[in-house]
Structures are given as C-alpha cells and as structure tokens.
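If you scroll down you'll find the structure; I have some questions about it.
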Amino acid sequence: MSKLGYFPGCSLEHSALEYDQSSRYVCRKLGIELVELPDWSCCGAHAAHHTQHKLACALSARNLSIATTLGLGSVVAPCPACYSGLKFAQTALKNDPQLKEKFKNELKLDCNAEGKVFSLVELLSQLAPETLKAQVKVDLGELKVVAYYGCLLVRPPKLVQFDDPENPSSMDDLLTAAGVQMLPWDYKVQCCGAVLAVSNPDIQLKLSGDILQMAKLAGAEAVAVACPLCHANLDLRQAQINKYCGSKFKLPILYFTQVMGLAFGASPKELGIDKHMVAAGPLLSKAGINQA
Amino acid sequence: MKIGVFICHCGNNISAAVGVELVARHALRLPGVVCAHTIHHACSEPGQLLIQKCIREKGLNRVVIGACSPRVHEATFQRVLVQAGLNPYLLELANLREQCSWVHEDREAATRKAIDLIDMAVGKVARLQPLLSSKVDVNKRTLVIGGGIAGIQAALDVADSGHEVVLVERTPTIGGNMARMDKVFPTLDCSACILTPKMVELATHPNITLHTYSEVEQVSGFVGNFKVQIRKKARLVDMEKCTGCGACTLKCPIKAPAEFNLGLDKRGAVYIPFPQAVPHIPVIDKSICTYVLKKKCGLCQKICPTDAIAFEQQDEVLEEEFGAIIVATGYELMDWTVYGEYGHGKYKDVITSLQYERILSASGPTGGHIRRPSDGKEPEVIAIIACVGSRDAAHGRPYCSSVCCMYSAKYAMLTREHLPNSRVYIFYMDIRAYSKMYEEFVQRAQEKYGANYVRGRVSKVFERNGRLVLQGADTLLGQPVELEADLVVLAVGITGTASTIALAKKLNISHDEYGFLTESHPKLRPVESSTPGIFIAGACQSPKDIPLTVAQASSAASKVLGLISHDKLETSPLVAEVNIRRCVGCFRCLDVCPFSAIEEQVLRDGSKVARVNPALCQGCGLCSAICPPAAIALSGFTDDQLISQMEGLCSQNPV
Amino acid sequence: MSELLNELKEKVAGVLPKVTCFIGYGAGFDPLRVAPVFIRKTEDIDRLQWNRFCVHNLATYLPPHKYPPGFLFEADEKIGILLKGCDSRSVVQLLQEGIIDRRKLVIIGLPCWGMIDVTKLQGRIDINKVNRVELDEQTIMVFTNQAEVSADVSELLYDKCKACQHPNTLIYDEFMGEKRELTKDIEPFTQVSQLEQMGLSARAEFWDKQFARCIRCKACRNVCPLCYCQNQCLLDTRVPHWTKERVDAQSNRWFHLIRAFHLAGRCTDCGECARVCPMNIPINLLPMKMNQELFELFNWRAGTREGEKPPLMSFQLEEEKIS
Amino acid sequence: MQPEPRIIGFLCHWCSYAGADMAGTSRMKQPASVRIVRLPCTGRINPLLPLKALMDGADGVLISGCHPGDCHYREGNLYARRKLELLHRFLPFVGIEPKRLRYVWVSASEGARWQTIVEEFTQQVRELNQTLEGYPSEGGKASFSNEDNVSSSEDKSF
C-alpha cells in the first residue's frame, strides 16, 4: 500500500488544484507514495457513463491498464467521480471475462483485476488511527466541522462496498483522528445538485442551500468535503445560493485533506486554502492557525 | 411370465404420429409377451373392459400400457388391474403421448421411439413384483405448536370435535401478536374483545392441555405416531398455588424493557406479560432476578400471600405421543434498523407498527393516549411509511407483507379518532386492498378520516429543530416532497422467525430463506407441510391477516381430523426395503436418508443391519443409490428393474 | 532400521498384555520379502521384522465384516497393529465409516521412508532366487548364487512412496522414532496425470488392453481394506444383476468400474490392489482418478481427517465448484 | 443420413418428468432421440446406471431433476449433483467422451427449457457420432443395434 497509482483526473489539474496539492501533501506525510499514471486520460465522467456502457468501461480501463503496465497493484483517485468510473470498469471487467478478453484483443488493454481501486478516503481509512495521530502537530480541537460525503464516495453500495451508504463515518473518523471536533448531522450523503448547476441551477442552489442550512443548524464552522464538484457547488456558488435562498452563509468549505494538512502542520497556503471563494481566514484565526 | 401389451390410439392423439399397429406387432415379438392389442381409448370403459378381459382370458400376470403420461392415468389403470384381480403394481406405462406423439413430427422416428419405449416398459414390467401396503395405528392426540390466534383456533377446532389436544407455547402466555393489537381491520372491533374469550375457552377446554413457557425439544416418529419431547421451562412460580393477584409484580425492584410492549415501557423481573394473559400467572425472568443471580432480595417470596414463588423449580421434560402436529408459530417484524435512511433506529420517535398498536391500545404503556416516546407529547403530524422491509429486493425482502396497507389505513382512522386535530400522512407504493370490505375500508380512511395518501417512497428521515423531517417523492405529482412530522410509524415487513427455522429442523419440514414454512403444494395442499402428518397454519407459512389466518387454522384442523378419523393408515408400498441377508451394516443409508426412516436393527447373531420404517420412508431412493452391495432396494425402482428397463432398450434391434 | 525394530519389539512387549493379538511384519520366503505375522504370544515377538520391504497394508485385516467371526479374530478381541502413514489412512477411513471400533485397537505408529518395489529389480537379477540382501539408507545389494546387483534405493521405491503425502502414522497410541518431515511438495496424482496425457481414444484403447488381461481373480478386491462387503459383494451376486462372471474386456471393464465407484471418496491410495494384481494391471488408477477429482471439487482426501463427512454423503445447496 | 442418436433420459418424477410432459401438452417439437426412464428422484441415481447405459451402447445420457433447493425429497438432487459431477469428470479417464453425459435441472413448468435442452444435447451427440469419438468400446460404432454388449439375450429368458 505504500506505493500506488495516482489518478488525479481533470478537476484536480484545474478547478480543484488545491485538492491535488493537499492530497499529495497528506499522503507524503503518511508515507504513501503516489505515482501519477503517465498519460492518463479522461475517466469519461458521467458523459460517457450516460452514453455507452462499453465506452465508459474502456476509458477507465485504459487508465487501469497503465497502472497494470507499471506494475502498480492499486490505484487511488481522490475525485469520487473518477473513483466511481474506475471502480465500475474494474468490476465490469472482473465479472465479464468476455469483455476483458475483448478489451485485451481489440484495444490492447490489459487490466489487472486483482488490484484495488481506492477513493482517497477509503485509502486513508486503511491506516491505523495511531498513524494519523502521530503526524498531528497542530491542535484543531476548537474547530467544529461536519463531514459531507456526497453521492459517489459511498454509493452505490454494491459497487463501492465501503462504509454505510446512509450514514457514513469514515471521513469523520479520519478528521477525528486529526484532532478536529466532528459534529453529527443528517445531510452527509444528501445530493448537492451536482451538474444540475449547469442545466437547472435553481434545483442545485436549493439543494446545496439545504446542505449549508443543515450544517449551520448542526453548529458547524466549516464543511469538509472529498469531491471537487461538491466543493464547487458549496463554495464557488455560495454567493449565488445566498442570493437564491435569501440566506447569509459564510461557511468555509474545505477539502478533508486540507483539514488534515492543517493538523499535520502545513501552512494554509501550502494547502491552497487561499484559493477558495469563501474565505477561511477568520475561521483559521479563531482556531489559532498562523496564516502566513 | 405372461405380459399383455396394450397400445392406445388416444383418439388420434397418439396414432397420428405413431404407427400403433406396428408397435403392437413388434411388442408381440418381445420375450414374455403373450398378447398385444391396440385400443382407441384405453382409459374409456370399453378400453378398460378389453384390458380386463385379456387379463382374465389370457391369464396375464404383467401389463404394459402404451398411452398417456403415468402422471395422467396411472391410478386409473391400476384400478383396472385390481378389478381384474391383479396386483396394481404389476403395471408399467409407456408414455407414448406427452413424450412421444405430441412432440415428434417425423412419423418414422416417433414410431421407432415408441417401439423403444415399449421395449423398455416390457423390460421393466417383467421384473416387477406384487407390492402390498402396510398399515399403521393412528394416535388420536394432536399437538399444536404456537399459541397465537392460529394455534388457538386450530386447537379449539380439533378439541371441539372431541379429540385430545396439547398446545405448546414458547412465551409465558398465549395470545401471540394478535393480543398486542388494538383494533383490527376491516371492522375495527377491539382485538382483545374477540381474542380473549377464545384464550379463556382454550385454557378451560376439557380436551385441551396447555403448556405455556414451554418448547418442543425433540420430535421423532412419523405420521400417526409422533413422539415429542416438550420442555416446560421453570417459571419459578407454582402454578397450582398462584392466584394471579400480581402483588409480587408490583413489589419487584428490578426493571427491564417489557417484551409485550416492545420496549415502550418496563416490567419487573417477576411479571405478567399483560393484564389478560392466559394463564394469568407471573413468571420470573431468571436472567435478571437478583435472587436467582445473587440470592439477594426475595421480596416477591415475602409478599406472596399463597407462598407460590418457587425459586427451586427446575425445567421439566415431558414425553408425549401424537398422531398429528399443527405448526402455528407465527411471525415477527424484520429488523428494520438496517435502514440507514430511517436513522438505523437512533430516533426515538421513529417506531414500528406493532409499537404503535401498543400506543393505541387502551391497555398499552400510554393507556391508549397517543403520546410519542421521546417526550410524551401528543403528536400533531403522524407519518406512516409503508413497505419498510417489504417489496424491497435491495434489503433482501422481495415479498409483500400483505397487511401493511390495511393497518396503515387503520392507523389513520384510529389516530384521527384519538386526536381529531392531528394530520396523518401515509407514504405508499401501491394500495393492496383485495379482500372482502378492504377497499371500502381504505376509501373510508381517505374520505371520512382525511388520511393523506402520498404515493412514493421516503428516501430519508432526519431530525431538524426537534422535529422529524421526511424527504421523499410524490410520484403522482412528480415532485420531491418534504414533511415535518412528530411521529413516524414504519409499516415494518413481516418475516419468519429463527425459532421457526430451528423448529422446522426438529420436525424435518422445509422452510424458505425468509423462515416461512413451505407448504406441500402452493395451491392444492396449502396447509400440509413436506412431512406427512405435520400441518402448518397462519403467518408461519407466509404473511397473512387475521381472517386468512383463522381460515387456514380451521383448514389445518380439518386436515388433522381427516387424518385421525382413521384407526389405521395405509402406507405407500413404493418404499425402500432392506435385504438383511445382504446388508453388511455400513449404515451409509442411515446417514443420507432425509427422513430418518432408517434405523439399526440387531440380529440374533449380534450383527447390526439397517431397517426401513415404511411409514417414514418417502421413497426417494437415496439409500438404494448409495448401498454398496445393493442390499437396500426401492420397490418399483430396484436396480434390477432399471437395468432390465435399460437393457430392454439397448438389446433390441430397431425396426 | 534395526534400532526401530528393537524399539518396536519393546513396544509390542508392552502392548501385548493389553491385546490378544498384534499384527506386524515377519520374515517372508526370501530376503526380499516379508509377510504379515499375527503375534499372540510373547515368545513370538522376535519374529517381528521392520525393513524396506514392509509394503503390505495391514489395515486390511481389521474390518470385522471382511472375515467371518473366528476366522481371524473373535468379535470382541482387542487388537494391536503396526501402521505406516499410508496404511493409517485406511484405518481413519474405516473409523469414519464406523466399521471398526477405536477402543478395540492399539496402534503403533512410525515414520516411513518408502518401501522398495522388488519388481523394479526384475531384469537386472532373478528376483526369485535371491539368497542375500545388504541394505543401507541409500543402496541395496542383492545376491543370488550366480550374480549380484547393487542399486539406488530411491530409484526402487514404489510409485506411491515416491508421491508419499503422509510419511508418519496419522493416528496412533504409541509412536516410535522421530517424525519424518516432507522436504518438498509432491504432486500426489502424478500417475493419473501421466495417463491423462493420452488422447481420449488412446486411453480407451489403453484400458481395453489392460482389462482384456484381467482374469477376475478378485485379488484386488480381497486385499482392499475398504472392500469389506465380504460375500455380499455386488460383484459376486446375481440379484441385482449388475455383472456377469464372463471374462472379456467389456465385462472386466465393467467389473473394475463398479469397484472404482464403490471406492469413490473412500479409497486411501494404498495401492495394494495394483500390487497384488497377478496381471500387473494398474487398477489403483481408477479410484485414484476419483480421488483427484474429489480433492479438486471438495478438498477431500479420504482417511486424512477424522470425523469429517465424506463428500458423496453430504452436499451444499450452493456448491462452490459445481456450476 | 445418420440415424437419430438414442439417448437415455433419467428424469425425476416430480419436476423434470412433469416438465417433459408439459413440453408435450404444449406440443413443443423435439428430436425423437430421448428415451425417458422415470425415477422418483435424481437421488435414486447410482452413477452406475448412466455409466451402464453408456457402456451398453446408448449414444448419450441425459439426467434431469428438480432445481437445487426444490427437490421433492428436499435434498436428493443435491446428493445426485455431487455424484454426477464426479461421474462426468471421471468418464474421460476411462476413454468415454464426457459430452455424452449431461445433467440438468428442469422444473415442472419449464417445458420450453426441456425442449431446448433436448435439442441442444441431441445436436451435441449427433456431432460426436459423426466423429465416432469417445465410444466406450473399441473402434466406435454407428448404432448399438449390432453391438455385442454386456447385456445379452440370456437376461431375457424368463
């Protein structure tokens, strides 16, 4: 597990650069060597998924096959959509030897079906809490955070087979180990509206607004997320949400890796916290974190 | 050996595709065959008479009939043989219709096959032996397992006909789940009012012996002659001395969740499950009583006016014999806490349907006032979610629980009667109100009682500002809906019980993956189990409501009466038989027999051989397939008969 | 070897008061052969032998069904027996089948390094005129009046010994010597695999030729410790009429197939049937093939685990390896 | 033209025999190849029965019982499955083509399934007959009519 393939996906190269930065930081600290898959291609996102089963499989199979060629057993994808795509392809190939054979012969894709596809949350959950605790340098005990899992991290349960699909706790456990006060709440897996932000923004704004509202009610000062799209909907569009819902949220949305990074002693800048739309500055000051 | 072969035209059903005359001519050449005829309709009266005439005139001692499937007319033709004075088991049928003329178009090929089938039948019939049924005595006593409404009804029906019944109930009282209910659909009569008289009638019936707080430990024997061990668990209360005054239950300082009220309130370590319990005698919970555990307290003993507390009491095992057994072990609700979307059980005000029955009940923990468990307040908005653990393959419950639609409507009515200002919402998938007065009942709930029916599943229940929020979809409006409620009642699906499965193993009857007992035939033998003499009634067979349960219980009782009306039972002779001279006593047969029909028998020289109990043997033949020296043979399907049947085919030349 | 023999004699002297008879190996008709001995008196203990020729599976004398009472033993006799690892599998299987009573049995176990198949010397020397043998761990010297030959012991081992899986007695009351560790994994079914390299029809032809030579002496059956049906054997009866006494390739094949199926899941691969066959037909391969399949299907190896239910007498609703 | 192969079917009374009857009542046409021996249960099948059929010259043996879990006798077919799987794997070792033996599960309602199975298996056996591959006796043969097999007429003298 110390060395595995890393599939950043498109978001982590651009809009969610800070997720990439913080993920690499946390993994480095924990002794996990991430080998970025050379020449990785698009996971197909939900465009491929909605178009054709085989196409969606083939796109992800290509990335898995790169890992296999490099002799990397397992692959981690921080973005839940990428993770879902890879896991879906791997499961399809495992269950359908004919498809596997077809890919091998026609597309020259040779995927090792034995290795595991991890989401970053799942990967870090394999570590003993003591390993995490050993890295903690900064006390974040004052920080009250809710963990927001979104849809694809723990679902569909038959595919993912990780954590409770209705009331997950893995991210909470990770951040608790990092010393953060995690609050219980009921919107852990509620829909954020996802890409409806583009086609039907009113639906997304309502759904994301509900999530922020519940987080506020729970007493959260920040929301930890593990998905670039969730982050965009909750952070980038928070001003629009306020306008649409008539609310006044100023709730910082942080990647869970950023929160862990802070606990491990990284500066907010190193973790790209300054890149967010909702400023985390006041919160960090309150928690006593030097923002230099 | 004088074999007669009869080939049926079956109108032209067979002769259209098979050259029946050719087949008959061929049959005449076979060894042992003394006559071969074709008949237009072998099963008709002239056909039957012709066969009988041949048997008598030609002195036939074996008969082959090439006609339809033995599944259709084997019994008919067996009767023909009996009428002609032949043993009915000296008959072999060749299936020339269903498995030949109806499925083949090429006349030559069909005829060739028909000839083969006759060859095989003649080969086999030559080896058949006359078989006689044996007779066994029938014990007239009946055991009923389970004291819910099904068991009570069945026991009363059998006992009323003048036969002795023993009823065994696992819990300290009879009454079952029905005793928990408040009012019951579709007439909304009070459950206790119709059930408790029956409970009392049962307890006082001269033909019925009641063992509560007892379990069936071991069952052996067979139809007409079951031997059953019943464990009477120690109640620690002397049933002879106790007057049921209940003083002990008031004094007991220990508290535990009350099973009868499904944990909504507490009971003592010594308790009477509910006020109308039968027998109305307390029981001491040995797992929590401090006197039992540490020899401290003993308050109940001190207070008892009749000195009935008996800490020294021990379990007692009774051995009884019965002719028939009725299993009526009922159901339980599935464990709904697997539903994370409804909070895994963490919200106090998300309750099950049975818990709501107790809340509605005048004898329940709230005295019949609807108060929610968390803070005891009257709820304003009550939401009922149907099909929780029913029709849900994702949670391994694909079947319908068959009563939730109806009791959901009932809850709407009762709730509105109790709390006229309340609002009731029912989230449903479909409404299944199929029985007499049921659809009208649901209509009444909607029209007269203003129940709000929302078609759609609830995807999430969570707490917000101290109220429960239900999110879901109204699939008729095509919109997501959100409802704030004070109390959520889950119509939790019905499942078979683990204790029924354990009992099924003891009884050697089959059950399905959900713990429901399997009937012998889903349409034609609905109350017979897979083992003769054991019958099933009520919700242990499948989810069902009270009217159906009672009907099934009476049906099981009538089946029992049919059985015990005979003094002797005739058993099928198509059973396994041991040739004790050839048996070497390896007892592999005993190991594989699914019906425990094989036992050890010690011969005079001290050697042990197998013996088949013909009353238990069902004639599957597993034993004869595994016996190395072929000492055990299944009558009608012996090795020699099958070899001969195959050789009948393999050794003959095709035409 | 001689130390083990001395220890054996001591152990038997200790066991003999507890049993009425001890079954072991004694001298045979020449130095290359041993024969089973039944020791009932202390003075006979010196007749015991233990060397590299003790191939016989003595377990075959145990099933009371196999011999009528009084023929070998009375019904209630307690018996002592010397068992090699492979032979002890037969005893475990017999115990599993409930045919023998463990309480009436005292087992002396030992490690075995493999037995010498004297027929493998055939051609190099006349094995029926041997008058002296010199044997150490590695080499064997065999002498007749005219000739002498020396050979490597490891080459002369029985095929079953070369594929030995259980060098130490599996169940015993007393164990002599130090247990032998197997140094490497050995494929137990090599003999079967060799035959399977042939094509289907070649194999049919192979067996046709083999079975054509069978003279139906039934020595294979009589020596088998698990063929205990005695005179009730299916191969001897006409009711039901599964077989004929006629001796031809087809009937012989049928005869051996019936035996193979009767041993399915029970045969403990002791190889005695093939050893005693006067026509040298490798009949042990038929049950061995069954064993191979049963091992693959159900991880079953007869006589290696006490108390386990044999695969053909049990089932699972969902079979792991049968679709 | 080759004569139609002769296949012996061993069917349990409760499911598969009823399924074959159902194919008949639904007039589902099939090759006239299978001769059915009715048994109470596939559990009754001693592996020697199908083996003898093959040795005596049947072109194929088709065995069918209730689906696992549906046995009328609860578990007969589950024992049978193990025995038949072993037989199937054993056949090639003595030079008998294992494709001449097939065991299936057909319920009383699966007339159409029975029809398909008969068609498929007959075709499979026809193809084997063309190559004369894997006959139990030397040299193979086209039909067992001229076979001097184990069962001779002496069995028939009653």
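The chains carry the letters A, B, C and D, assigned in the order they are written, with residues numbered from 1 in each.
Here is the rule we use: contacts are C-beta pairs under 8 Å (C-beta built on N, C-alpha and C of every residue); 3 or more make two chains touch, one makes a residue touch a chain.
Everything numeric in this text was worked out from a predicted model, so none of it was measured.
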Centroid spacing, where centroids are CA-atom means, of chain B and chain D in whole angstrom: 35
Cα-centroid distance, chain A relative to chain D, in whole angstrom: 58
Distance between the centres, which are taken as Cα means, of chain C and chain B, whole angstrom: 51
Numbers and ranges of chain C residues touching at least 2 other chains: 241-242, 312-313
Interface hub residues of chain D, defined as touching at least two other chains: 46, 52, 75, 79, 83, 149, 155
Touching two or more other chains - residues of chain B: 592, 626, 639, 643
Category of the chain touch graph - line, ring, star, complete, other: other
Those chain pairs that satisfy the touch definition: A-B, B-C, B-D, C-D
Of chain B, residues touching chain A in the complex: 339-341, 343-344, 460, 462-465
Chain C residues within the chain D interface of the complex: 192, 195-196, 200-208, 241-242, 244, 249-251, 253-254, 257-258, 260-261, 264, 285-286, 289-290, 293-294, 297-298, 311-313, 315-319, 322
Contact set on chain A toward chain B in their complex: 164-167, 186-187, 190, 214, 217
In the complex, chain B residues that touch chain D: 1, 31-32, 69-71, 95, 97-100, 102-106, 109-110, 112-113, 116-117, 120, 126, 510, 530, 574, 592, 594-595, 618-622, 624-626, 634, 637, 639, 642-647, 649-651, 653-654
Interface residues, chain D side, partner chain C - complex: 46-48, 51-52, 55, 68-69, 75, 78-79, 81-83, 85-86, 89-90, 92-97, 133-138, 149-150, 155
